[in-house]
């Protein structure tokens, strides 16, 4: 397995030149475009890594399915999906339009920014500090990595440049979808996006979802089977921005990408995979990372379809 | 003239029951639905009033053409229209959609909220206090009423409930159309909307625009002919929200309405008219006020078309 | 007057090079980009011409306000405006979108293609031949030119390439806005657009509308005052495609343009103007023609605002 | 298995009263709202039926993934997906809007009407008769039922009432996405939708896709593994109209529904399922059929997520 991963990384590193690191958040623009790394963990907890697997990067949108799981645990499925829909939207991740044209104006799904902000607003805690603690602890639990922390520079960078997310949040408030202090909710959301991870962290979270919520390292249940399934479904229908359909056809693995360059994958009953490649294509997905996953999927016949 | 106005008010007061006072701002909901008043001023400064002409109400969107005039005086026509368009939008006044779907994402015109917020952001002053002073002074000058003031209760009410305008403003900032402190800009905008007026104030502003910017009481120029013309044009193409086209056909007078129940009209070379009737139709226009204007227009053949 | 027109044509002919003749209909692409002509007729029937005033061209969208007048005469204002709205749309002339997103799905106004097709479908006649006869006769009557005919080559060219209009028409039928044989309705519409005129024809139609429907050559009433007013109102709010607002500010004359290069103008109580310049800007208006009208308006203070 | 199916049908038949048969095509309105039937076929070709499994009904949108498979065989994946996208749209199945607002204007995916019409237009044949023959033969081959035929009454009913599809087709032609005789293409499309099937036909097609394209009755390959996978992917991301996301979460089986009341399901490596229940919910899916599938999926742990 390690040998195959090395070969796949080697074959695909050249594609990093076809994209660019994200620049809309100044801190992200500092990423190294050539980086490419992968980690694979199977249900027996065997761990394989290759390439630039030791890089730390911010989780960004890969956090969305994870905070969704926590919000469902905190509020129940019915409550959560009374405020966020379950359907792919066909629009860019930061779109506002459907909030205006489609009634009721709840966000289409928890993977677009509007939906993810609603989800973050539902995480419980007596104040923002407690909410952040609970969120961080849940990310640490699912990744089996008690050292996960928020990258303060990236968090500040997101906070300063987050006016589009502010617009979305105030619109949601004016429509009665979220409530309370908007700047506080956004603060938590920006911190969530700025949690720092490695490909191993992503692979382990993917593996624990692949095992339907059981920690593969010790057999303890972290989330319910139903939540694990729900999360993986969203990763297929809207995990790769508006390239989710094409990715499902070509790769066929539940996956969630982020503009930090990370992709978390969960192959039910088989594998968790983490990929990092900060050079992004026009839709915001890791350009070489997608190719790495396509090769892994074909070699190991991992498509769920 | 006075007799005709009395008759028209009497005939149309019954229609106030077909609408309702605005409720989205709690303070506005306190208005008296049955009120209906009018003031007409001709180019010889003759002033005629009828009905509930003594009521004070907040100017709301009627302020938009006035602040536009000031913004053009402060920045020049070219600068202003590099940041706001000149076209009717076909969408509701508080719509966000076209900012996303049409590029460049400048607001369609200065009469929708998005455009009006940009206009307010362009009013000059070293700080918000000076900007407010300059704005108030200009409104006082055009209405020949040095006592105009902001209604603090309505202002506070707008500020507290203004999340949709916040959403619009942050979206404009994220698109680079406005700059600086959003809450400060909105504060000025909410104060502008909360300036308290009577129908006579509106009629006088309309009369001074009808005279192409000359103060009809003393012959002094307040704004240039070109600005007066520009303002009246917007009052025709987008002055009555998304009922502007129908109003132009049925009444044919440059007019701007506000959810406070006021309508300011300017018949070029002939009259200024102010109407107040806080009972609004579904599009946000004074339901009896529109009928009053239709009757005045027909009786006096005032349509510009 | 003649001298002034000569000077204005001469000054603006150079701007023809800034645009291009329409190419979406093959026959239109044969136009001469450098052509520029004008005709002005006052209420005393004095007629002034300059430039390429002798060119024949197809009327295209300039026919829309004329067929609207006939449809109102045939069906009454209420019937007509139960199937077409009165509001500017803010979208391009051939847009389909609002038919889907805004309910009820009647076209926004009679100046966009969707609305104009509905209007044409309402012209009375026992069959298409009679409808065409009645339409042609009305155009001849309003232009005082009994020789107006359909240009068969342009008509055929429009018919062959009119798939977008077919899409619009079938959508209107599926929504229950129009009824009957779609290809027959479109046939009449394509013929209407292919009526061949000169600038004098346009100026005379504009003059007869400027006189509120009275034939200025003989004092006979052609259309009612209300219809003449209604038509001129649409010419202001949506006569110049999605540049209507800017044109109203800069020129301020009720005007309707067509992709054939013609513009018909009607200055209430004063003038009718016809302009021809087939070199179009990006919005579909005659690029030099707009400048000619701006100069005429400023020289003679013709803005209605 | 038979016993479980009987129980599931019995438990869910009451939900047929929560929906209604489709009425937009007059022939469909004749369906019996109470009908509910199911057929399940496993990879060993064991066939289980229950309820109203003997009803014949028209395939409608369930034909879309099948004709997609044939179009890919005829033209190659690359050609097909240069004219139709791979992404869920978030809009209703018969929406036109995105063809206008998103460029290039190719339909979002082959499961919405716009995409399906493009797919049908790509089926090869020297004339429409040959195309229909080839299409029918392919449907017969995949369902192992050589008696499949077009229901002429439903076909005529669709043809007469198909104006919205005509609008879509002409818009696609005007954008250069399809070519040739629109009425001919639509004729083939309406016939495709009117092919008459039973739940066993649907189950068998689903089973042969579940086996990655191998005829489970005789081991012969019908379509390539890649095509079978591609088809199943679309069934997940956009198979159940704009309830696809919710269905994926609650049921988790690649499925395609039609307004005739049928649903075809394909559980990779396990089962084909056909369901029939013409009582539809607001999104156009069989209201009791969805519940039957949910029960089967839970009892047998069939979710792919």
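Chains here go by letter, A, B, C and D, matching the order in which they are written, and residues are numbered from 1 within each.
FYI, a residue touches a chain if its C-beta (ideal position, glycine included) is under 8 Å from a C-beta of that chain, and two chains touch if they have at least 3 such contacts.
Predicted model, so just to flag it, every value in this text is computed and none were measured.
K.L.:
Taking contact as defined at the start, I'd like the list of chains shared as neighbours by subunit B and subunit C.
P.N.:
Chains touching both subunit B and subunit C: none.
K.L.:
Quick one: point me to the chain whose Cα centre is farthest from that of subunit B.
P.N.:
Of all chains, D has its centre farthest from that of subunit B.
K.L.:
So what's the Cα centroid distance for subunit A and subunit B, whole Å?
P.N.:
47
K.L.:
Determine the centre-to-centre distance between subunit B and subunit D, using the mean Cα coordinates as centres, and give it in whole Å.
P.N.:
55
K.L.:
Can you list every residue of subunit A that touches 2 or more other chains, as numbers and ranges?
P.N.:
101
K.L.:
When you draw the chains as points and link the ones that touch, which shape shows up: line, ring, star, complete, or other?
P.N.:
Chain contacts: single closed ring, each chain with exactly two partners.
K.L.:
Over in the complex, which subunit B residues touch subunit C? Could you list them?
P.N.:
85-91, 98, 108-109, 229-230, 232-234, 236-238, 242-246, 248-249, 252, 254, 268, 303-305
K.L.:
Note which residues of subunit A are touching subunit B in the complex, please.
P.N.:
95-97, 99-101, 163-164, 166-171, 173-174, 182
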